[in-house]
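One structure below.
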């Protein structure tokens, strides 16, 4: 079976700077794959290219054999590859439930005009959105805060809200942007379980970009390591732990890591 | 249509009763016939302001509505005077043409945000005025004058709309027309904001990146909204041209664009009916202060400053619920 | 919410109006004359000179016992409305005048305002005296507007002809602000100049009204070295700067305009460089001004601190209205009587020495008498004051 | 050609000064000050009254213009902008306030100084004429030099004084500045006063050449907005660039496009729109949002 997501020779240059150089790897269906690397390794640039938030300089990203790089972001989302953001990127003045309802935009059956006139399909959509939002929030354990304004939520909940918004679009692949950043150990472990259950119970393939080594080791099926814009290793957590290049890269920039 | 509570229905009914029955009775009783024009102006300016409000809803400060009102006024005037169209046909045409201009213009400029979008629309207002001065079809500096009043419309011999030139009280006719248009505009706006499109706009207003990550085609919605908003501007402008029976390059200028924006701010950006109230207060307020002679502007500006100082989120922020009445 | 506010606003309005009418009570019955024009913002000077000349005259009349029309002595009250140079407001202003029961209104000051108020004025039986030049306002079927001054297409040819004959002017250049009124006036001037056989060497240069430096604007036009530079429809604010820049650039020909200017403004803004500047004024040059004109200027100065020479022409509209009403008392609330009397009306001009008459003119330009006959006094600015260059008449 | 360049420098120097004050206020408080032009007009009228009417020496009159505007600016910031910024849930609300203040100042100018165009006697007589290639009256040259000196002084102030450094820190990042111990409220007020002072200074300088009238406020604000946008909003070097670019654009535009008559300005504005659409952050600014 061909891989779900393929990153093929992707390169990104900003002026003279090369953020990513000739990176290739695959993501298989139902897998949790993490991309790690020290600061400035080019993780977030790669992440943005996969979700088409920035264009590639060369190379391409394929989803089920279809190119999804260098499109408009919403086109990628429509194909089923959806990214999340770090906590500051939320719908500030919507409640949790409202956010999750809006995020189901892609699943709407009625047209915009249909909604305007209040057609029957639109009515059904609205009902189903509400039901699904409640179900999703229950699944994520967020029912208690569903009527809170997003701007009033604490950090940990914001991350969960981000994932809820992403899941509400009914994605095939969910791209998580540093889901564990700034969390303490307990919160991280809870998030690890949550991400697992997203994959296990909802059949969503997960790719994440992360700093937190222990969490990544725990959650990932496979890991891709970047350093200075290059891919230096790929493999299972145990393979990566014993990879000399990886150890060197991390030791070399140990100060930065502590600085985080 | 959907989930309008009894309270809402009552509110709407009272509102309609006031503007269509209450105001005419009040005017007849007090003899203040000049209120007809003032209120007609308020209704028309409120239509244009509704458009500005809508662009706020996708997070853009629009100081270009004067340009679209001018476009609308000219399109209608040219169609009526030079092509002999009925005013009632030229009215939607004016709105559509303004919407078309907005779509073409919006393609490059809607990528901008904040003051950048505000400034470019402000410059566009200047461009519209200067274009009207330079083009032959607009008659340049001389403007288009002697525009006939709206003609009648009849279907199968039944008069649907009387000829404004022949009826006794054209001001009243214009008042009713403007009010009907305003009611339609705000009903549309209300539905828009409370339907899915409105939710998507709100999501864009708050975070365009996140909106596009959940599959919202932000480019399309921005242009759609900007076109709708300019459609309102075009309609408002065309009606004004018809009332004054003349259009000049200076009929709508930068000051009007700024005024439309202020109407929205004053009423409150968070409320659908904010621009309507804002227009009423700003326009009517000026007229009421007429009695103060040369201190009119002074008093007017002081009141404005006091309001914004103590109600920075607009007049409607006194009420805490969201969404306006209806 | 807005219902309540609307009602409140409406109630306040009624109370205010009620108050106003009661305070206006005096011994004599009051005759209200309206003014709709711009008295704030960039063009405030136009309307204010208008409004103040009316108020000065009204106060003078009231002080001396009122104005007798048809056996009744009236106090004159001026009701002013600031239209902010916005045609939409101008309509509201005219509605307000109709509301006050006023049939005679001076203004508006600009073309678009004058055109916009026409439907209201005609519907509410208001005669209005705009300071705007579009001919369709005064030509039939329009019949309620009376041009309150001399149009540039009337004064222009007279000035050009005089300068051709007496100063040997052969080439002329035009410059105008990029706005409706000045551009229309420029087009009119160019046509008139061509008809007289003048060589128009430049007619395309325009400037924005907010220009602060006219050197770059004038540089190309002066390269064509015209004998006469016409500042079409120039505002009193821009005139001194234009004159100064042109002179500083070494221009030695004549400079003229067809609008009224203020000597004080010219003196402050351009000083001696303005000497020789030709403009159109009323009758306040010493040899023409009657004692009444001088008293008017005195009273105006006392009332408002400073006179404005633009009022020399603007004093006339009110005088015409009152004199015509005196001649035809029933016209006080019958506009058609006013119109009927316009053809034959004639009264001595109180502001000018000699036996000048106040009459309505305009047959040549409009085909009907819809213009007040202000003496076309062409002035030359010299060392802080205007001197009469020549006087002409409009028919 | 020399004449066009000279015109450009002259126009540019005065425009740059107007834009500087506006951009300073924008950088510090994120307020698009609609009343900037009115402040400029007040500066002009103060100098007119003191120098033109009362015969006080020009330099003193100019100083008084600056002081008056600094006080007005400080008061407006302290009692109007600061509380509104704190109390409002949207940044844009300040635009309504700024517009209200513009109306208020317009009304006050009309009541205090009247509606007429005002001018003062020339401060220097004579015209510099280089073989008819460059013609420039001496007073213009003087004002141009003074304007450039003021710009230099302003930059020096921002670079080398404690106040300047605090203001720059504030402009860059409000929260960070606060953490660094900058008294944000105080320096916002100082910054606003400084911006207003600049407007007053230009007004005072230009009254000797162009005179002043109450109508100059609005258009001046709009022109200043455009310069700020060309250079990049909230960037000081951007405002200077923007001022000079608009100055040269006008000088060249008027010289080469005048034959097309009425569309000269149309072309200038359209090219401005295209420029802004392509490069919204202006020449020097950072992209927004």
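Each chain gets a letter, A, B, C and D, in the order it is written, and its residues are counted from 1.
FYI, a residue touches a chain if its C-beta (ideal position, glycine included) is under 8 Å from a C-beta of that chain, and two chains touch if they have at least 3 such contacts.
Predicted model, so just to flag it, every value in this text is computed and none were measured.
*Asks:* Need the graph distance between subunit B and subunit C over the touch network, please.
*Replies:* 1
*Asks:* From the centre of subunit A, which other chain's Cα mean sits the farthest off?
*Replies:* So the farthest one, by centre of C-alpha atoms, is C.
*Asks:* In whole angstrom, what separates the CA-based centres of subunit B and subunit D?
*Replies:* That pair's centroid distance is 33 Å.
*Asks:* Where the centres are mean C-alpha positions, what is the separation of subunit A from subunit D, in Å?
*Replies:* The answer is 47 Å.
*Asks:* What is the distance in Å between the mean C-alpha positions of subunit A and subunit C?
*Replies:* Centre-to-centre distance between subunit A and subunit C: 71 Å.
*Asks:* Can you check how far apart subunit C and subunit D are, centre to centre, with Cα atoms defining each centre and the answer in Å?
*Replies:* Distance between chain centres: 34 Å.
*Asks:* Please list all residues of subunit C that touch 2 or more other chains.
*Replies:* Within subunit C, residues 39-40, 178, 183 contact more than one other chain.
*Asks:* Where does subunit B touch two or more other chains at once, residue-wise?
*Replies:* Touching at least two other chains: 130, 133, 140, 255, 294, 297.
*Asks:* Give the residues of subunit A touching no fewer than two other chains, as numbers and ranges.
*Replies:* Subunit A, residues with two or more chain partners: not present.
*Asks:* Once the touch criterion is applied, which pairs of chains come out as touching?
*Replies:* A-B, B-C, B-D, C-D
*Asks:* Which residues of subunit B touch subunit D once you look at their complex with the stated criterion?
*Replies:* 56, 61, 108-109, 111-116, 118-120, 122-124, 126-127, 130-131, 133-134, 140, 254-255, 258, 261-262, 265-266, 269-270, 294-295, 297-298, 300-302, 304-305, 308-309, 312-314
*Asks:* Under the definition above, what is the set of subunit B residues touching subunit C in their complex?
*Replies:* 14-15, 18, 26, 30-38, 41, 130, 133, 140-143, 145-146, 149, 170-171, 240, 243-246, 248-251, 255-256, 273, 276-277, 280-281, 284-288, 290-291, 293-294, 296-297, 315-316, 318-319, 325
*Asks:* Using the touch rule from the top, collect the residues of subunit B that touch subunit A in their complex.
*Replies:* Interface residues on subunit B, with respect to subunit A: 1-2, 191-192, 195-197, 199-200, 202-203, 206-207, 209-210, 212-219, 224.
*Asks:* Within their complex, state which residues of subunit D touch subunit C.
*Replies:* Listed in rising order, the residues are 3-4, 7, 10-11, 14, 52, 106-107, 110, 114-122, 127, 129, 132, 135-137, 206, 209-211, 213-216, 218-220, 222-223, 250-251, 254-255, 258-262, 264-265.
*Asks:* Given the complex with subunit D, which residues does subunit C contribute to the contact?
*Replies:* 39-45, 48, 178, 183, 203-206, 208-210, 212-213, 215-217, 219-221, 236-237, 240-241, 248-250, 262, 264-265, 268-271, 305-306, 308
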